[in-house]
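Structure provided below as structure tokens; questions to follow.
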Amino acid sequence: MTRKTKFPADSASESTHLVLPPDSNVHGTLFGGRIMEWMDVIAGIAAGRHAGGPVVTLSVDSIRFSRPINMADVVILKASVNYAGTTSMEVGVYVEREDPQNEHREHCLTGYFTFVAVDAAGRPRQVPILAPQTDKEKQRYQRAQERRAQRLDASTTK
Amino acid sequence: MTRKTKFPADSASESTHLVLPPDSNVHGTLFGGRIMEWMDVIAGIAAGRHAGGPVVTLSVDSIRFSRPINMADVVILKASVNYAGTTSMEVGVYVEREDPQNEHREHCLTGYFTFVAVDAAGRPRQVPILAPQTDKEKQRYQRAQERRAQRLDASTTK
Amino acid sequence: MTRKTKFPADSASESTHLVLPPDSNVHGTLFGGRIMEWMDVIAGIAAGRHAGGPVVTLSVDSIRFSRPINMADVVILKASVNYAGTTSMEVGVYVEREDPQNEHREHCLTGYFTFVAVDAAGRPRQVPILAPQTDKEKQRYQRAQERRAQRLDASTTK
Amino acid sequence: MTRKTKFPADSASESTHLVLPPDSNVHGTLFGGRIMEWMDVIAGIAAGRHAGGPVVTLSVDSIRFSRPINMADVVILKASVNYAGTTSMEVGVYVEREDPQNEHREHCLTGYFTFVAVDAAGRPRQVPILAPQTDKEKQRYQRAQERRAQRLDASTTK
Amino acid sequence: MTRKTKFPADSASESTHLVLPPDSNVHGTLFGGRIMEWMDVIAGIAAGRHAGGPVVTLSVDSIRFSRPINMADVVILKASVNYAGTTSMEVGVYVEREDPQNEHREHCLTGYFTFVAVDAAGRPRQVPILAPQTDKEKQRYQRAQERRAQRLDASTTK
Amino acid sequence: MTRKTKFPADSASESTHLVLPPDSNVHGTLFGGRIMEWMDVIAGIAAGRHAGGPVVTLSVDSIRFSRPINMADVVILKASVNYAGTTSMEVGVYVEREDPQNEHREHCLTGYFTFVAVDAAGRPRQVPILAPQTDKEKQRYQRAQERRAQRLDASTTK
């Protein structure tokens, strides 16, 4: 059976949240555990769309918080599949806050999530080939491949 | 001061959720209270984007559940401002489920949320004029105006 | 088999909540999504009591917020079945806040929830006849019938 | 200033919950931590109604689980002030489950919660005198007094 | 089959929490219902470790709040099995708050939880013998036995 | 003022959780977002203990899920400060599941969290020197230093 091909745009996923009191930490800003939960969900949705079925989280890397997110901020999460191997996929998640007054957006954090597609019995399952189209997508594909090599290297030498 | 004008597309908001066990009811499908919570949040984000500041919920109407949403479904909520009066706005929320296997989407429910823009002291605050552009937007504007007349009528005669 | 008859009082349901920080919105008052969740639960309990078994939400109408509910307020929700058709029921929910200092109660919002009774396989199931007794119950029955006609009318012409 | 007198019926509080999946434990029945949370809230509402202002939990005693509560059960909690000292009050909470099919109710657990009334600065504040009326209320008052003596005795000898 | 023997240290369990906004009550301190939920979980873990399998909560006694716990406090819960009968066990939970500035710890509350070990069908199941070793453990064993006699006595005379 | 010195053991933190239904994903195992939330909390507690005051999350790296965690599993999280710079600290979190039948523990995932200590105004604040004692602690210190160099390098070349 020929393996299907999909584009990054086919599985790109976006979510919009509002920071409410139960999402806040003791500083009155967005709690780190909550934003990671939101990132894991939207990254898993993107991976599931590429895989066409259930996925499980394998690893999380390079989450960088560059700016706090405040109570009442609108938070926009954009996830896209950067790279797909035989059964695993790397998804990048880009997070922005939006100023409620003027809709000005600022980048707040980024992170990389790796998932494996699974069948009903929980065994790894082949995913479609990812065909990056734009220059940005090709660059993301390349960098994700480098991060993947580093992760495999790290797990071998440990 | 001239009142600003905005288009429906300026405040259109979208959110994507995954139905997890804490979101389920005793039938194993998405709990009605949870989907209304998600709708209220995304509708409030759209209204806040149009108003350029905080809003509070005034009323909720005509939520129709046409199809259950299952555990593990991806749920997409689309909110757009249908109508804006002096200080209040009606937002329509359109909810679809996505089959995780084939990305086929089905309409599951719709609802209308009315918000009022408020200033720091909680008093009603003027919002920009809404200028519908497409035929669909113009139709939504008209129907929202009719619903508004009915609501005002109902509150007078009660 | 003769269809059973029940009175509105047989299924009247009441719940009492305290507004805690996780229930609050960014204005420090009760979050709209949370009160709708509470209303859906107590309305579903009333409908389930009338039906004598599981029910699912069909529609939500005419939720009107007339007054904000504050942190630390006691909130009282009263639900009663207004009307019962063959398999569906309309439940009205009346919400009051209670001042913790003097127990003075104020009406804050109202809403109408429609449910359908279902059997184990999720198919619509016949419910008992509703026999309104008091003048208030008869008036509610009549108005619920009018709302039902409007809903059916709206769904036909759409 | 003469101290106000209140009856147990003045502060009697009732709440009705539905057991949903997030409330369940690993046995598929109602999680013990959740029912204690619900009991603490309704007991605090009853104490706050008697005190006419904020209260804080001092102690919890004699919670006895006599029967498990299942998923989809309706749970009814009834709280009433059994005894009031100068600044503290004992509240009894009686919990029943209701069979969704036939509305048959079964007693599932009971517990005693002691609260102290506080002023804005968190200092103990005098509460109204409790005047038990019925035989049941007088018996509860007496038993609560005995439990109070035991608690004071236990805290002295420890 | 000879009944296994275990020491209190074999099942001693500890948990560490941070008080976040969703854990707070209307006074800005830790909500009583939440701390009881945390106590029930860690007590159940200790009982489950002694029993070597699932347990269900039977009763909760003598929770005494001696000091409020504040937002941003680190909370340490220590649970140990005080006494084991044939199928039931009493677990004591000791709760401290830690000052984030200087790690100074203060005792805040204590409570006793009784569990019964169950098999897959939910029937009571024999647990290992508990062999207290230190003087403190022997004292706890003795006191738990006294509390047990009181509980049995109370349930008989009621 | 001389800068204080602390040992890794001074801030080592441990937490124990039970996997309940609201913590599960659609596969019936522990939801990735929830375990990251638990890791962020316990890592922040360890960093806060080393810093002697509030901290905020800067980055998260190298979370590797090697084995799923099941419903009803006991989960043990151990956090220790691996490295401390002038104002930032790297904390390693080691997560194990415990079989409820036989207390056998298995390693499930690991991750590295970086925090910065902040003063009341949210500005970076100096932390004590970390003095690793055991060989394991010295090795962790060294590796954390290498990861830090990589992170700084990555942020420069990006």
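When the chains are written out, they are named A, B, C, D, E and F in that same order, and each has its own residue count from 1.
As a convention for this text, contacts are C-beta pairs under 8 Å (C-beta built on N, C-alpha and C of every residue); 3 or more make two chains touch, one makes a residue touch a chain.
Just so it is clear, the model here is predicted, and its values are computed rather than measured.
Q: Mind listing the chains that sit against subunit C and also against subunit D?
A: The common neighbours are B, E.
Q: What is the touch distance from subunit C to subunit F, in steps?
A: Tracing touching chains, the least step count from subunit C to subunit F comes to 2.
Q: Hey, what angle do you get rotating subunit B onto subunit F on C-alpha, to the nearest 5 degrees?
A: That pair's rotation angle lands at 120 degrees.
Q: Over half of interface residue numbers shared between subunit A and subunit E means same, under half means different, so which is it?
A: different
Q: Compare the contact pairs of A-F with each of B-F, C-D or B-C and report the one sharing over half of them by residue number.
A: Matching more than half of the contact pairs of A-F: B-C.
Q: What is the distance, in whole Å, between the centres of subunit B and subunit E, each centre taken as the mean of its C-alpha atoms?
A: Chain centroid spacing, subunit B to subunit E, equals 47 Å.
Q: Report the inter-centroid distance (CA atoms only) between subunit C and subunit E in whole Å.
A: 40
Q: Centroid of subunit D to centroid of subunit E, CA atoms only: how many Å?
A: 21
Q: So which stretches of subunit B touch two or more other chains?
A: 18, 21-22, 26, 31, 41, 44, 54, 72
Q: Which of the chains are touching one another, listed as pairs?
A: A-B, A-C, A-E, A-F, B-C, B-D, B-F, C-D, C-E, D-E, D-F, E-F
Q: Hey, which residues of subunit B end up touching subunit A in the complex?
A: 13-18, 41-42, 44-45, 48-49, 52-54, 72, 74, 100-103
Q: Can you check the complex and tell me which residues of subunit C touch subunit E?
A: Listed in rising order, the residues of subunit C that touch subunit E are 18-22, 71-72.
Q: Which stretch or stretches of subunit C touch subunit A in the complex?
A: Residues 21-22, 24-26, 31.
Q: Touching subunit F in the complex: which residues of subunit A?
A: 26-27, 29, 31-34, 36-41, 44, 54, 56-65, 68, 111, 118, 122, 154-155
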